[in-house]
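The two complexes that follow have chain A in common; it is paired with chain B in the first and with chain C in the second.
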Partner chain A sequence: MNPYFLEYSLVAIAGLIFGAALERGRMCFVLATNNMIMARDSKILEGILWAFGISVLAFGIIESLGIVPIQAAVTGVFPSGWYDLVGALLFGFGIGLCGACMSGLIFRASSGFTQNWMQLFGILVGTIFFAFLIFPLTNFLYWILHTIPWLSIKPGFSDYIPHEWFGNAVWGPFVVALIFGGFFLVLGLYLTKRRFAKISKERGENYKEPIITWNMLKFKEPYSPRLGGLLFAVVAIIVLLASYFTVHKVTYMGVTTPYGSFDTYILAPFINLYTTVGHYKASFLPKISSNWFQIVPVAIPMTLFVITTFAGATATAILGGEFKWRVPKRKIMFLQNFIGGIFTGVGARIALGCNIGTLWSGFLMFSWAGALFLPTLVLGMYLALKFQQAIW
Partner chain B sequence: MAAAKKKNHNWCGITLLALYGLFTIYASFLLSSLNKGKVIGKLSDETLTGIKEAFILWGVIMIIGAILLLIREYVLKSGQEEVKDTERGVAPHY
Partner chain C sequence: MADEKNLENVKPDEILDVTGETCPIPEAMAHKKLNKMKVGQVLEVYTDHAAAVENSFPAMLNKFNYPYCVTKTGPGEYTIKIKKTS
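And now, the complex of A and B:
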């Protein structure tokens, strides 16, 4: 069997599961943060922490046992540095304006939330804006790879924490996973226990939440945070193993670069994206880059993954009786989502990924990308919240 | 007085699912022509064939899924329940 066919097909199955986990588990970083800040409700945040914790630990075990050797795992590690901080700030502000992160966008748009379709449109426009203006004008690729070494870490072993800390020791990934994954799991467990204790006190009885029930499996009830988190981890593991055992090339989770592919598929019949239209000459820059579309693959497994994720989320929304076209009461929200989408698209491109591709995958690939992305992401979301409170 | 029964928009969702499928099939046919114009990282014939076949397969699966949901909705009528209020706590502004 053609290994590429097998890889794409397996990754597509993972996409369906991911869509179901997103839609049923309401897994959205903005929703998690807003609920935590405004309502002190930790339920969705718990799901995200469980997802991070379980998946990071699983990746550590997989790499330490040599199921996916360290040498193969590092081939997928991309550089991290100052651009994670800058990109995450813009990205955080954008998703804060829209009220949905990249994962939240998928499940909301798939359930019929119209303003999130506008956010998606904004992201596609933002990606084009980045590809033809920011990318060539700032000579983006060059700055990332060469000119600010003290603020940039090169891909591969240079940005692989187990190698930095423990050299070539095979147990290195497991120990690093235990530190990062353990932290997420302990925090998730603490928040879950605290929420149970709070509900128990309110109801005057011992409250416990099952991880999985028949009603969850029949799409009658939303998934528990722990089930949502577990499915996230399963999806990341399927993507990693499917890519390694089929075409021997490691793939980590990511959803924003596939949005660039959507641009390609939508615009290709009308304009040639690989043209040098975006090839500007700026004499003060050391090297001229072409437009961004010229350096990204035409199709990556994650493109099909994102489409099946949309399909999975729409199917579970229908099966759960929750699909409905929802139009915001204030029509200005369409404009806000479009502008927020542009910020989201540009920010994600500057940071080389979004809350999935750089934040989550940053931890999964044991690089510094996730840790660099997180603080300014939260700052961006906080600024967007304050901005909205000021103007509305 | 009983509350008015909310409208079920499942047919929109089913159409959307079928559209994902059509988009996937459309994307598969564009791959070859897009690959010709690529500056960096051209795909080999084996890669292109594998990717195209997977895209077509999944496009067809999504369309079949939409047809099955259509049968569930209009033949078995098991999907025609009241739509649930999911706005609360999920998204502001609605």
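And now, the complex of A and C:
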């Protein structure tokens, strides 16, 4: 079989599963955080912790057994540094304003929430703002790459924790996975146990939620977030193995680069003009040869992944009887989502990814990107929640 | 605490329409509205955000121990009646 066809087919199937897991499992980082802050409810967070825990452990095993050799795994490792902290803060505030993270956006937009389509439009505008040289002082990519290199870790081995801690030991990835993945999974299991105990006490009977039921499979009820988390992990493993054993180099999970790449299609005829004008305007700065769109290709498997994720989420929303075009009664929510989308897009580009590409994949890559992204992401979402509680 | 067959036929004192809006707006605005209402009054919320109905509202209302009932009024459309009890 043609390896290109095989890779794109597998990635497309993974996207469909990912979309279903998102929509049916209500897997949204903003929802998880808000529920924890407002009501101390951990149900959605448990699903996310399951996703992180199981996938990180699986990646550690895959790399330590040499199914995907360490030398291949590190080729996909992003750099990490100060920009993860700054980008995650802006990104967290943006997704908090929109009430949907980069993955939550997909399931809401696919269910017909028009305000989240406005968020997506804001993300595209934010990405353009970031990526072009139209406004020299606002081209964050320029600053990241050319003016503020301090506190940055280079990609590859220099940001690969198993190598940093254990040198070339083959068991290194497994031990690191056990530490990070084990932490996520144990915390997820603990929160589930604590939530069940609390509900059991309130109801005076032993309370448990099944991970999977026939009604979930028949789309009559939503997935348990833990099933959503399990499917997340399966998808990450499919994407890793499909990319390694077919055409492309090792690929980790990511959705923001394809979002930005859609811009390329829309603005392709103008790119050279804008770049030229930008270079002229930016003549007091050292020249760079290309903008972000000329560096990142569009026709990559992950673009297809995003398209099929939207398709999967829309399909399950229709099958579950939940698809409906929804227009907010208060039209100002369009503006809020557009502004939030701009923050989301700019933040994601500064951090070189979103809650999927930098946070989750940061841990999957065993780099520091995920750990750097997490604290300011939560801070950003918290500030956005408090801001909204104050103004609405 | 979704007991609340009794609530189904109760006439609401206040109405909050947050259709088309997603978390955290529906539950945050309901919370704000409940804070301004008197004990014993009933708030009716219109929402079409299933994730809020399944997760955010139950979590928040259980925290305050407010009785509530959820009625599905159409595809992806819900009415939540909440009684402020404290």
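Simple rule for what comes next: the second predicted complex is superposed on the first by the 353 of 392 C-alpha atoms of A that agree within 3 Å, B and C clash if a C-alpha of one lies under 4 Å from a C-alpha of the other, contacts with A are read in each partner's own complex, and residues count from 1 in each chain.
Here is the rule we use: a residue touches a chain if its C-beta (ideal position, glycine included) is under 8 Å from a C-beta of that chain, and two chains touch if they have at least 3 such contacts.
Keep in mind that this is a model prediction, so the values were computed, not measured.
Contacts of A:H163 after superposition on the shared chain: neither chain B nor chain C is touched. Legend: residue contacts after superposition of the two complexes on their common chain; A:Y4 is shown touching chain B, with no touch to chain C. Applying the stated contact rule after C-alpha superposition, one finds that A:R226 touches neither chain B nor chain C. Touch criterion met: A:Q115 reaches chain B and chain C at once.
In the superposed pair of complexes, A:P328 makes contact with chain B and with chain C alike. Touch counts on chain A: comparing chain C and chain B, the chain ahead is B. Touch criterion met: A:A100 reaches chain B and chain C at once.
By the touch criterion defined above, A:A12 lies against chain B but remains apart from chain C after alignment on the C-alpha atoms of chain A. With both structures placed on the common chain, the touch criterion links A:T308 to chain B but leaves chain C unconnected.
Contacts of A:L31 after superposition on the shared chain: both chain B and chain C are touched. In the three-chain superposition model, chain A touches both chain B and chain C at residues 26, 31, 35, 41, 99-100, 108, 111-113, 115-116, 321-324, 326-330, 333. In the complex of the two chains, the chain B residues touching chain A come out as 6-10, 12-14, 16-17, 20-21, 23-24, 26-27, 30-31, 33-35, 37-41, 43, 46-47, 49-51, 53-55, 57-58, 62, 65, 69, 79, 81-84, 86-87, 89-94. Chain A meets chain C in the complex at residues 26, 28, 30-31, 34-35, 38-41, 43-44, 98-100, 108, 111-116, 202, 222, 321-324, 326-330, 333, 385, 388-389, 392.
Contact residues of chain A toward chain B in the complex are 2-9, 12, 26, 31, 35, 41, 99-100, 108, 110-113, 115-116, 261, 264-265, 268-269, 272-274, 290, 294-295, 297-299, 303-304, 307-308, 310-311, 314-315, 317-330, 333.
Residue ranges on chain C touching chain A, taken from their complex, read 1, 17-25, 27-29, 31-32, 48-51, 54-56, 58-60, 62-63, 75-77.
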